[in-house]
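First the structure, in the form of structure tokens, and then the observations on it.
Chains here go by letter, A, B, C and D, matching the order in which they are written, and residues are numbered from 1 within each.
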Amino acid sequence: MTLHSVKIDVDFPTKIDQLGACTIASPVRYRQFTSNHERVLYDADEKRLARRIATRRRVISFEEGGPREKIYFDPKELTVGIVTAGGLCPGLNDVIRSIVHELTFNYGVHNIKGIRYGYAGLNPVEGWPMVDLDSNRVRRIHEDGGTFLGSSRGPQPVETMVDTLEKNKIQLLFTIGGDGTLRGALAIYQEIQRRGANISVVGIPKTIDNDINLVSRTFGFDTAVSEAVEPIRCAHTEAEGALNGIGIVKLMGRHAGFVAANAALAQGDANFVLVPEVPFELEGPKGLFAALQKRLKHRHHAVIVVAEGAGQDLLAQDAACDPSGNQKLGDIGVFLKQRILAHFKQQQVGITVKYIDPSYIIRSVPANPNDCIFCVFLGQQAVHAGMAGKTGLLIGRWNNQYVHVPIASAIEQRKQIDPEGTLWLSVLEATGQPERMVNET
Amino acid sequence: MTLHSVKIDVDFPTKIDQLGACTIASPVRYRQFTSNHERVLYDADEKRLARRIATRRRVISFEEGGPREKIYFDPKELTVGIVTAGGLCPGLNDVIRSIVHELTFNYGVHNIKGIRYGYAGLNPVEGWPMVDLDSNRVRRIHEDGGTFLGSSRGPQPVETMVDTLEKNKIQLLFTIGGDGTLRGALAIYQEIQRRGANISVVGIPKTIDNDINLVSRTFGFDTAVSEAVEPIRCAHTEAEGALNGIGIVKLMGRHAGFVAANAALAQGDANFVLVPEVPFELEGPKGLFAALQKRLKHRHHAVIVVAEGAGQDLLAQDAACDPSGNQKLGDIGVFLKQRILAHFKQQQVGITVKYIDPSYIIRSVPANPNDCIFCVFLGQQAVHAGMAGKTGLLIGRWNNQYVHVPIASAIEQRKQIDPEGTLWLSVLEATGQPERMVNET
Amino acid sequence: MTLHSVKIDVDFPTKIDQLGACTIASPVRYRQFTSNHERVLYDADEKRLARRIATRRRVISFEEGGPREKIYFDPKELTVGIVTAGGLCPGLNDVIRSIVHELTFNYGVHNIKGIRYGYAGLNPVEGWPMVDLDSNRVRRIHEDGGTFLGSSRGPQPVETMVDTLEKNKIQLLFTIGGDGTLRGALAIYQEIQRRGANISVVGIPKTIDNDINLVSRTFGFDTAVSEAVEPIRCAHTEAEGALNGIGIVKLMGRHAGFVAANAALAQGDANFVLVPEVPFELEGPKGLFAALQKRLKHRHHAVIVVAEGAGQDLLAQDAACDPSGNQKLGDIGVFLKQRILAHFKQQQVGITVKYIDPSYIIRSVPANPNDCIFCVFLGQQAVHAGMAGKTGLLIGRWNNQYVHVPIASAIEQRKQIDPEGTLWLSVLEATGQPERMVNET
Amino acid sequence: MTLHSVKIDVDFPTKIDQLGACTIASPVRYRQFTSNHERVLYDADEKRLARRIATRRRVISFEEGGPREKIYFDPKELTVGIVTAGGLCPGLNDVIRSIVHELTFNYGVHNIKGIRYGYAGLNPVEGWPMVDLDSNRVRRIHEDGGTFLGSSRGPQPVETMVDTLEKNKIQLLFTIGGDGTLRGALAIYQEIQRRGANISVVGIPKTIDNDINLVSRTFGFDTAVSEAVEPIRCAHTEAEGALNGIGIVKLMGRHAGFVAANAALAQGDANFVLVPEVPFELEGPKGLFAALQKRLKHRHHAVIVVAEGAGQDLLAQDAACDPSGNQKLGDIGVFLKQRILAHFKQQQVGITVKYIDPSYIIRSVPANPNDCIFCVFLGQQAVHAGMAGKTGLLIGRWNNQYVHVPIASAIEQRKQIDPEGTLWLSVLEATGQPERMVNET
């Protein structure tokens, strides 16, 4: 479900930092420990691999996740912190729960602090005391969506945050969040390095858009796609029930249209999918309006699925045109609705537009079973990495293995749909929409 | 689930019109025919009944629905029309299907016309040919939400519509729709009477708001309440996950807050329910803002469920205050969101507001099992009434029986929540909201 | 959804017993108290009522439920017990929660004991201490199916039970359970009367089969019908996917087939519905096998929905025929499966039978929104009745009102499907099954 | 979710057979064709790869799937057959639909035959004519579970089947089915080779158990795990509601316990998971009974999830012990229930056992969104392979790519849970069950 297009000729660091030597025997009852030498190839394509070997270029690979035989932190003395930040995403509570379970039952760590409301909870000015976590406290949290620790957006002063960690003797910090949170985690990690502090930072990437680089799948994405199916069906029902009915569904996807593309594939009622990766125009013989008009003529109804980040150039253009000079950059869904209404009014074609924005419903539900299981493993892997003293990394999934990815590498760029790849071509087939809704010049 | 407050001292016509004498033996295989003399009491309260009898006032009762032993129309020669109009509502397709099944299998009627896109389909200018319906055509339509015949809003010229009926030899018209549709049906019925035409009009009331007078329950309402539960839960999740998070869910209910009240009862996460029947103010020591602020102080999050028709006086006031004189009457949900943001900004209290408008999702889903069954019976009852030559009526549900209600009586006023009754008091208990959010003068 | 056939010429006691005079002002903030003189007519049929009045027969009516202005028990000194017994049913936790909420928030009662594992919890020999209940303890119990107090079947010595009540100073006992539980409640009530003890017993009827007399609807039934839809669909899918596939679904309904009949109506895939109220034969030209064979010939697949209490005479017969004399009375679903396999094997017709018994899944789910709301009201009504010192009654729903029904009257007989009524005739239509699968002699 | 344990030192053929040279330009509008030289590494572990290269052992890789620039069959002249065989599995209709869509819209193939009821439809004796398929016929089939073509089990004479293919001029056969179906496909392929016929055979592996070798994921598995969650929750509710309640849920998994293990991880209520890969004993200090008794003592309830293929040695033993010599090999779920009842009766411990067998419900539902999308891609890949004249292969998923796997290699052995791997260890953690329920000797 999570197709990505491997861009092979890039090169990026994959080496994972380590606080120090691991000297403590792992209390974990696993019989199959993973050594630090196990690595998972970045690219499993044989031909490209052979070429790399032949040309003596570096073969890129990731350190494999898993329990280490020797660990760095003494479970009895360790204090752990867990923070969730950024927008809600199905599975947040599952990951928290898995981390607490793994720390408690497998490593015997019992000092676990839940940090409230994102990085705000690391800033004493905000006044949110940490909460003690144990297996009893997290027993049923996964039945709810959202994060029971609370979340917030935006940065906090990095020195203050590290001060708070030190004051609370937190030596292992798990940050669960998206791009912004990972940047925050990187800043914390760098400040720790600057201080030479003995604190490890492990990220679990969270993006409902599934757009984090070097990570083939993020938790919550599968649930989001599943939940997006129903609103598209409803948009179709509304469109079919009205004269020249047009249903518009706005889905997540600020920089990548994976949710929109996958939901459209899963459901089959969408006639147009608009994503950030594929530019489109409204006017002109090849624009969206013309295609829409053609569709209405033949079928009397249409469904448009639009990712929130699609058509940002149109919004910008629109804002620029505004004589008042007011910045009106805004919601592509509402924008589309208004422009479509205006266009067909001008054309004197009677239409009905129904606009659905289900984002808060989609992102607030509990994780589905597939994501539940995924979150169990992510939490376990994060604890394994953290207990082994690794730092500045996040837990990724690559070629069906859990791997360690340097945070710095992961946030360098974003993962996006390849407009020439199978995912997008399947969407074009499923919708029947024109390949390019752009008027060549 | 569908509590209503019987207002007993009203008086209204309950006599059902009849096209003419019933002389044809019913082909229905029922062994228990219902006679025209069976009547269901309007008020099953013994004391009030005794008082009426004692004071020689008329005891109000409805004609009971059911198959008649003799029918008016000859099934072999009859042509039937079915029209759906107004907004979507779960169960529309179920009712159509039940009517077609009953006509076909029990009465042997085989000329059934589906009228497209509401009353527009009765206006030749609109250019929508009717579609032939049979059991095969409707076999699986109930698996979809909406109406496969299409719908539209707004009136059409009544003479044109009756002309179309006559031209198509339609002698029995089933209209499935809400208040507006019933008014249209009444107009058609009156025009038919004026012409002395031999056409019967039978309504099946459709209102997702459940606000039709003299009808204790309408189809789709149970489904709507069920579907409203999830968005409220999501609003709660969003509110809990953010600092001073406020989740607002707008639900159906233009004149009556039954959906909002019942959904809040079913779910339990709502802290404030705002309905058209209970006025409220925003400002002042007893207003919504003060109550909200108190709630945030204690619990740091709040959920507001608002019926679309609530607080219309506030919107009007707001519009009046607007110096530009522009009419800004609009969406109470968006209005609340903006006003709450402005209020707390002024108070310098940081809050997060998440606004969810799930209406198109709620009303577009297929009927739930409870409504499915209800629609089966409504369709059967409508056909029984129509085949017996009854006209100008709708099929109601009263005191656990199906009854015939004159359309004119049903649209005289609306059903609303009684602010002193058990339903609303249970809502007050469940939410803990103040009984009156109005500053006395 | 819960059609019943009113059998009008029966006569039964409707007078409710009362522990003593009500002298305490109700602390309830309701403004609309219900007086003991409000009564709801048993039969809302006008003609039958007129005949009764004319012939001077007693007009039967129920005492209406609701909060009384004066109450019997002093909230500050009262100790309440709650017990759930019998099989699981969706909504048990909702009713417990509603009782606790109403006692706490509206009446100010704070001594509430949860009795563990049904009547076993009233027998000290079993060793289950009671648990203290308050609003915090029951806050989220309704999210789970089942009963968090636990349940058990079977009677306990009635003297011991009343001893336990007296020892624990419980003066108000709520029993939530079905036929057996109500008989137990009646025994307790009678023992209390014998002793002249100051204890009130209020029942909330629980039967997923919806077969309790004088009660038009019981909680959990709507959920059960909804949940039964999916297994029938699956049986249909299995049947269609196989050569001469026969899907059999066994549903609840020991003495009444309401769940099977309603689920078949809601879903539409069932070709045969077998219920306790309608006898059928297997063999012979009019038997089930012949009808099934005809169906397979035309459509190559068939779905049978069978209530667990259907065809008990066939099972008995089968047992009697057994030469070993072993009693083999058992499961009608398994019996049907085996007999159908044997029949078609003998006929040398290849068939595939898939048997689904979803009972434990259906009855264990949480209540759906409709039942949730219903349970809120049932709990409130039960508390109103109990606080007013009423005893030996259960809370019923009749003609859209909550009423008080003497337990003794309710358990006198069972409610069943009327084979001549609309519900069953609609089932015959929906399935197309023969009206009588019995070979006349 | 689909963890497998790569057993690396095995060696197996990966070369794909080809009917002949591809000379026709592909009509597909893809711009990124895949060449036959693209290969996906079997093992993406860097260290093992380096060792293989160093020791000059063959580096195993699969041919990558995808559209070829030149194809073998002329779309205008080609006739295609599609057959589904074996037990039902969510997604069958989705795969059929995707194949038909891809053939029609992308390749312009219009002669597509649906073969009825598995391989029986290829045996004229059975008398099932093929059905013509086009995009209209398959438009909504994915909304239903099962297979609309019908299925059957068991082999048919291979010569007859190939005769039927030749007689119907079918040159490209898609077989969708599990182990048995793939063996059938292999036999057909070999018979075709023997005859030198110009027919290609492409398999899409179907196993709800996810136990096909060299295929990391099969369609329907994700849906099955999702659906298994609810019955486990119900078993837990039943167990908790009764005195010493034991809930037993039997899930799919004849040779591999992936469904049971994943469902237990996703849900969290299971206390014991029994799978074919991990032997267990009932009696003795380390057996299941002892562990169960301990659990009941502490928690008064327990949930057992058992894969249908678990404990087959116990069943065999039981059968052997039977003095009558009758083979009683049978259902592990029923067996467990009976043995547990007997054990605790002997121990004079009162227990309640509730046994749930949801298999037919789980496997009959429509595919969930995740599987829907997966099936779209599987169908496309199968068509690409078939049109390119490849034969004797199945479409696999490996290291996040679609690959071609020789049928012969895939059916050589089965994929199973590694009892030392992370999946099983996570199950042990989640359940808290003993690592080995075997009494050492």
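Everything below uses one rule, namely that a contact is a pair of C-beta atoms (placed from the backbone, for glycine too) under 8 Å apart; a residue touches a chain by one contact, two chains touch by 3 or more.
It should be emphasised that the depicted structure is a prediction, and the values quoted were computed from it without experimental measurement.
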Cα centroid separation between subunit C and subunit D, in whole Å?
42
Where the centres are mean C-alpha positions, what is the separation of subunit B from subunit C, in Å?
30
Would you mind pulling out the distance in Å between where the CA atoms of subunit B average out and where those of subunit D do?
48
Counting only residues that touch at least 2 other chains, which ones in subunit C make the list?
none
Arrangement of touching chains [line / ring / star / complete / other]:
ring
Give the pairs of chains that touch; include all such pairs.
A-B, A-D, B-C, C-D
Going by the contact rule at the top, pick out the subunit C residues touching subunit B in the complex.
1, 3-4, 29-32, 37-41, 44-47, 49, 53, 59, 61, 64, 66, 101, 105-106, 142, 216, 222, 225-226, 229, 262-263, 265-268, 368-370, 372-374, 376-377, 380, 399-401, 420-422, 425-426, 429-430, 435
Which residues, counting only subunit D, touch subunit C once they are in their complex?
88, 117, 120, 144-148, 150-152, 230-231, 233-235, 237-238, 240-243, 247, 354-358, 360-361, 364-365
